[in-house]
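Letters A, B, C, D, E and F mark the chains as written, and numbering starts fresh at 1 in each.
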Amino acid sequence: MPFEPVILFFLLGLLAGVMRSDLKIPAVLYESLSIFLLLAIGLKGGVELARQSLSALVLPVLVVVGVGALIPLIAFPVLQRLGRLSRADAASVAAHYGSVSVVTFAVAGAYLSGVGQAFEGYMVVFLVLLEFPALMIGVWLARRGANAGGQGKVLHEVFAGKSIVLLLGGLVIGWLAGADGLKPLDRVFFDLFKGLLAIFLLEMGLVAASRLGDLRRAGAFLIGFAVAMPLFAGALGALTATLLGLSVGGAALLATLYASASYIAAPAAMRIAVPEANPALSIGASLGVTFPFNLVVGIPTYYWLANQFQGVI
Amino acid sequence: MSMLHTRRTLLTVICEASIEARVLADARRLGAHGSTASDARGWGQHGERDGGWPMSGNVRIDILCEAAVADTIAGHLQEHYFRSYAMICYLSEVSVLRSEKF
Amino acid sequence: MPFEPVILFFLLGLLAGVMRSDLKIPAVLYESLSIFLLLAIGLKGGVELARQSLSALVLPVLVVVGVGALIPLIAFPVLQRLGRLSRADAASVAAHYGSVSVVTFAVAGAYLSGVGQAFEGYMVVFLVLLEFPALMIGVWLARRGANAGGQGKVLHEVFAGKSIVLLLGGLVIGWLAGADGLKPLDRVFFDLFKGLLAIFLLEMGLVAASRLGDLRRAGAFLIGFAVAMPLFAGALGALTATLLGLSVGGAALLATLYASASYIAAPAAMRIAVPEANPALSIGASLGVTFPFNLVVGIPTYYWLANQFQGVI
Amino acid sequence: MSMLHTRRTLLTVICEASIEARVLADARRLGAHGSTASDARGWGQHGERDGGWPMSGNVRIDILCEAAVADTIAGHLQEHYFRSYAMICYLSEVSVLRSEKF
Amino acid sequence: MSMLHTRRTLLTVICEASIEARVLADARRLGAHGSTASDARGWGQHGERDGGWPMSGNVRIDILCEAAVADTIAGHLQEHYFRSYAMICYLSEVSVLRSEKF
Amino acid sequence: MPFEPVILFFLLGLLAGVMRSDLKIPAVLYESLSIFLLLAIGLKGGVELARQSLSALVLPVLVVVGVGALIPLIAFPVLQRLGRLSRADAASVAAHYGSVSVVTFAVAGAYLSGVGQAFEGYMVVFLVLLEFPALMIGVWLARRGANAGGQGKVLHEVFAGKSIVLLLGGLVIGWLAGADGLKPLDRVFFDLFKGLLAIFLLEMGLVAASRLGDLRRAGAFLIGFAVAMPLFAGALGALTATLLGLSVGGAALLATLYASASYIAAPAAMRIAVPEANPALSIGASLGVTFPFNLVVGIPTYYWLANQFQGVI
């Protein structure tokens, strides 16, 4: 299976963390890089969107978001019944897995470019739209029966949250300015993308290492879930995309989106809206297991799946 | 130089960064006339919080106010946040110059 | 009128701030970007200066600085008499408008490149030289009658201030090293300029949003001043430049310099030297009104003006 | 272990970052033998100061010294800065080990 | 609201950043149940430490604990670090809500 | 002698510091740039290493490290006897001069590229390997006679220290991924190298200026040592490299490595392992004297030496 060098940076960070190295990526560098990555992904998507008839996107968007909403709804009972997690914990973990990871998406994009596989440029629209329904569903699952509330807070937390502002803002700027208008900015937002992604992954490795301790608390069930869930959701994504007529690259990317678990927007939103959920569980699973799993095993698997489906359907 | 030293209470809250805005809003609503915050890292019952990424950052909030206000805020925090969030708070006695501010 | 995409980043930041998004550009990123921008502008100017006979610059410099010094002297009585501002406040606002905004200058440069309009490379020399006379005049206006002092402090504050050190330092390095010597650094200081300017403008949008509240305190007069003053000073700049025989691009840039109001060097210097001036007034006007006004309306207007004058004179 | 605990005064100043250097110079001149500073954000009478750009940053300065020195410095700050700058200051009693340092 | 205010000791250590990890490990070993740290700059007997590069950074560590534990830690620091490192420490009395934590 | 523009940035920082400018490079920017430089140097070395038979490196490595270990062993008695430094101080200073400065190495590389002089790509392997033996020797010298201990701490401090993790990690990633695998990252790690090195040097100038005060405490002997020692070690390096059959560029670089004094890894390690040593002495000498000396005078001298030796031997 082809091999994506940026993953090595993640592994280096993981190793440094496990070795208890004094290497620390300053929090500000983390924030700065995440601002850059979110903006750059948005801009890239906006430029592609400008090449696209928006009306042709309506159906795929509805299907992709609708099917995506199944993920937390399926995950919740599994977590609550099989995993015996409390309602709040099950809802929070379900929200994490229903939402998406921007960096996993970026690595998948790099992987596809690496193997020379094209994909629909407007995939980033799905990325933006998949980020929040799961969070709303998560809060609803946690609150069902109890007196509601919190929905409003989450709505604002998410829509005015920095990841949506930057992704969506970038999307709109890219769409307004178009490829030509953005050309003078390419040297930063496009050329530097992969190198800065590598540095960000180094940091993610350090963070993931610091979350490994949470895994003990998470227990065997959750670790298993954190591997099985992305495989299931990835298959669902590849299938949905293929049925929608997307390219192999697009199918691999949608599979990755479905399979990925959020660790930027979801932890922040759940901490506010479902405070009684234990963040060590959801973050331990999404960042300690699913994120590395997707990077190393998941993405090539989803690409393989997308290829299989394309042949058959 | 005429300095009128008055006793006031300094309430210090150390908590996870994700609830900074809410704690500040609560304090304002409950009678604080100002506050100061800065980023921090630490460890306690909820394990290590090293500030390496946004969800693991702490914040230290200092609120200088009258004793009764400090008690009200501390009680409110105890009731609403102590169970679910990494948080400690403590009170100390200090002397201030312009007591009408606090 | 042509359209400059980097402004969209400013508008995104403004919108995010108004929406009370949790998007925050870390202060350190702000500082790092401003170090970069100041150095890069200085270097670019220095490289151009190396292509230039210095003696030919003496007359333009004297005229540009001399006419520029009129701006705070005209603004002060307007602010004090018409606007009924206190002496200190009038002096401080006058100093802000007499001084210049590096970022406005950079956006104007990007705008001119965007429309394919060349300009004299040594304009950055004017930028450096226009930064401080207004600050000295501001302190003098505030202190007139009272026991002086503070001039020395301001002189050091400004000359050893980071914006002059970086601009002037970059200028000298660029001049010494020349275009060839700096070539290996071009990938950072030239290629990344516009993209990083965009990120800086995103942050400036957030900052400007946080200053909108100051506008209420500033009142209608000051808001009107913050629009009229740049138009007047811009016309003065375009006229001066045209009479000096500068190109249309150079005239548009000098107009922008005269029209722009400082929000890096001036607030810092005035805070120390004229403490009794209320910074909310000067910053609210320069950052809340004049900066966005210049970005969106001013620069194209000054360019248009420069074109008109060139035809006539 | 022979620890001589001595009472000293801790003067805490929270003010806008633009005058940090001047406050430190004043404190030194008025008898402080050391001080510690860190960046902060906050709100008070002068509105919100969120540290988002250089002019809106605060700084927190702690000066450990004898009570008389603390009073002198606090009085000086009150006289020279309170009117024009965002600033608060307060004093607290602490115990130190090496009292000869402060 | 039943708030049991209990007296505890707050031990504040300001020292060079290079020994932060060791001071924290020592405090934990000597009985602390938590601590909070943040970056700082300052000056004192060892000159100015402005945080401009890694070797010149300070750190401020707050440890809330029982008086006896605070004394033990302070004594340990005095014995092992005061001679060779830039460091000060002081103790103050504070009231806490959940005394069983500290 | 040819002239390397990045040095001007160091001089600008030095000047700003001496003038007591308020220019401050945020500590986080310093850390971020050093992470970048260490990674980039490691990656570059790794890519070169992948082109190399590793077994051919065994002998040079052994010789280079063995001869390099002489430097602290020679420096120690000189410092203790002639300089009358305490055992701990002599050991600490010796460790600094036995170890290496990554930035001096980077400037030397830039210098050689500037004059069009090629060098062996695997020199960075020496850089990595020369960083720590001197630190171990320094601790041993300080502890000799006394009850040992501390060695273990230093070993961990150094091997898990960020500079080794990043250099070695970069080396391994570069070696695994090879030039082709890293190509998408070149825009960051190679293209930006020299520009970011310039900004780092600006900061180093500010730091060096803040250390000038230490020099008074250091005294005349140590200042002399800080000039003489690099010249001696540089000659040793040029000789060793020439005898090993390295190119002129390689000889100049090894001379620079031997001549340079550490101010990242060594101060951190010595502070922990030899606390009774006064850091003002070692840092004042290495950062206040040797670093600027090497930048301005040393590197061209070592290059000249390498040329001389090449002709003769």
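Quick note on the criterion: a contact is a pair of C-beta atoms (placed from the backbone, for glycine too) under 8 Å apart; a residue touches a chain by one contact, two chains touch by 3 or more.
As the structure is a prediction and not an experimental result, all values here were calculated from the model.
Looking at chain B and chain C, the chains in contact with each of them are A, D. With respect to chain B, maximal separation of chain centres occurs for F (centres as means of Cα atoms). Centre-to-centre separation of chain B and chain E, using mean CA positions: 19 Å.
Centre-to-centre separation of chain A and chain D, using mean CA positions: 46 Å. Chain E and chain F have centres, each the mean of its CA atoms, that are 35 Å apart.
In chain F, 22, 24-25, 28, 31, 192, 268 are the positions where the chain touches two or more neighbouring chains simultaneously. Within chain D, the positions touching two or more other chains are listed as 38-39, 92. A complete list of chain pairs in contact reads A-B, A-C, A-F, B-D, B-E, C-D, C-F, D-E, E-F. By the touch criterion given at the top, residues 16, 18-19, 22, 39, 47-48, 50-57, 81, 83-85 of chain B touch chain A in their complex.
Taken in their complex, chain D has these residues touching chain B: 12, 14, 38-45, 58, 60, 71, 74-75, 78-79, 82, 88-92.
Put simply, chain E touches chain B in their complex at residues 1, 3, 5, 8, 10, 24, 33-38, 62, 64, 92-98, 101-102. Interface residues of chain C facing chain D in the complex, by the touch rule stated above, are 24-25, 27, 30-31, 203, 206-207, 210, 213, 263-264, 267-268, 271-272, 275-276, 279-280, 283.
Residues of chain A touching chain F in their complex: 3, 5-6, 8-9, 12, 15-16, 19-26, 28-29, 110, 113-114, 191-192, 194-196, 198-199, 202.
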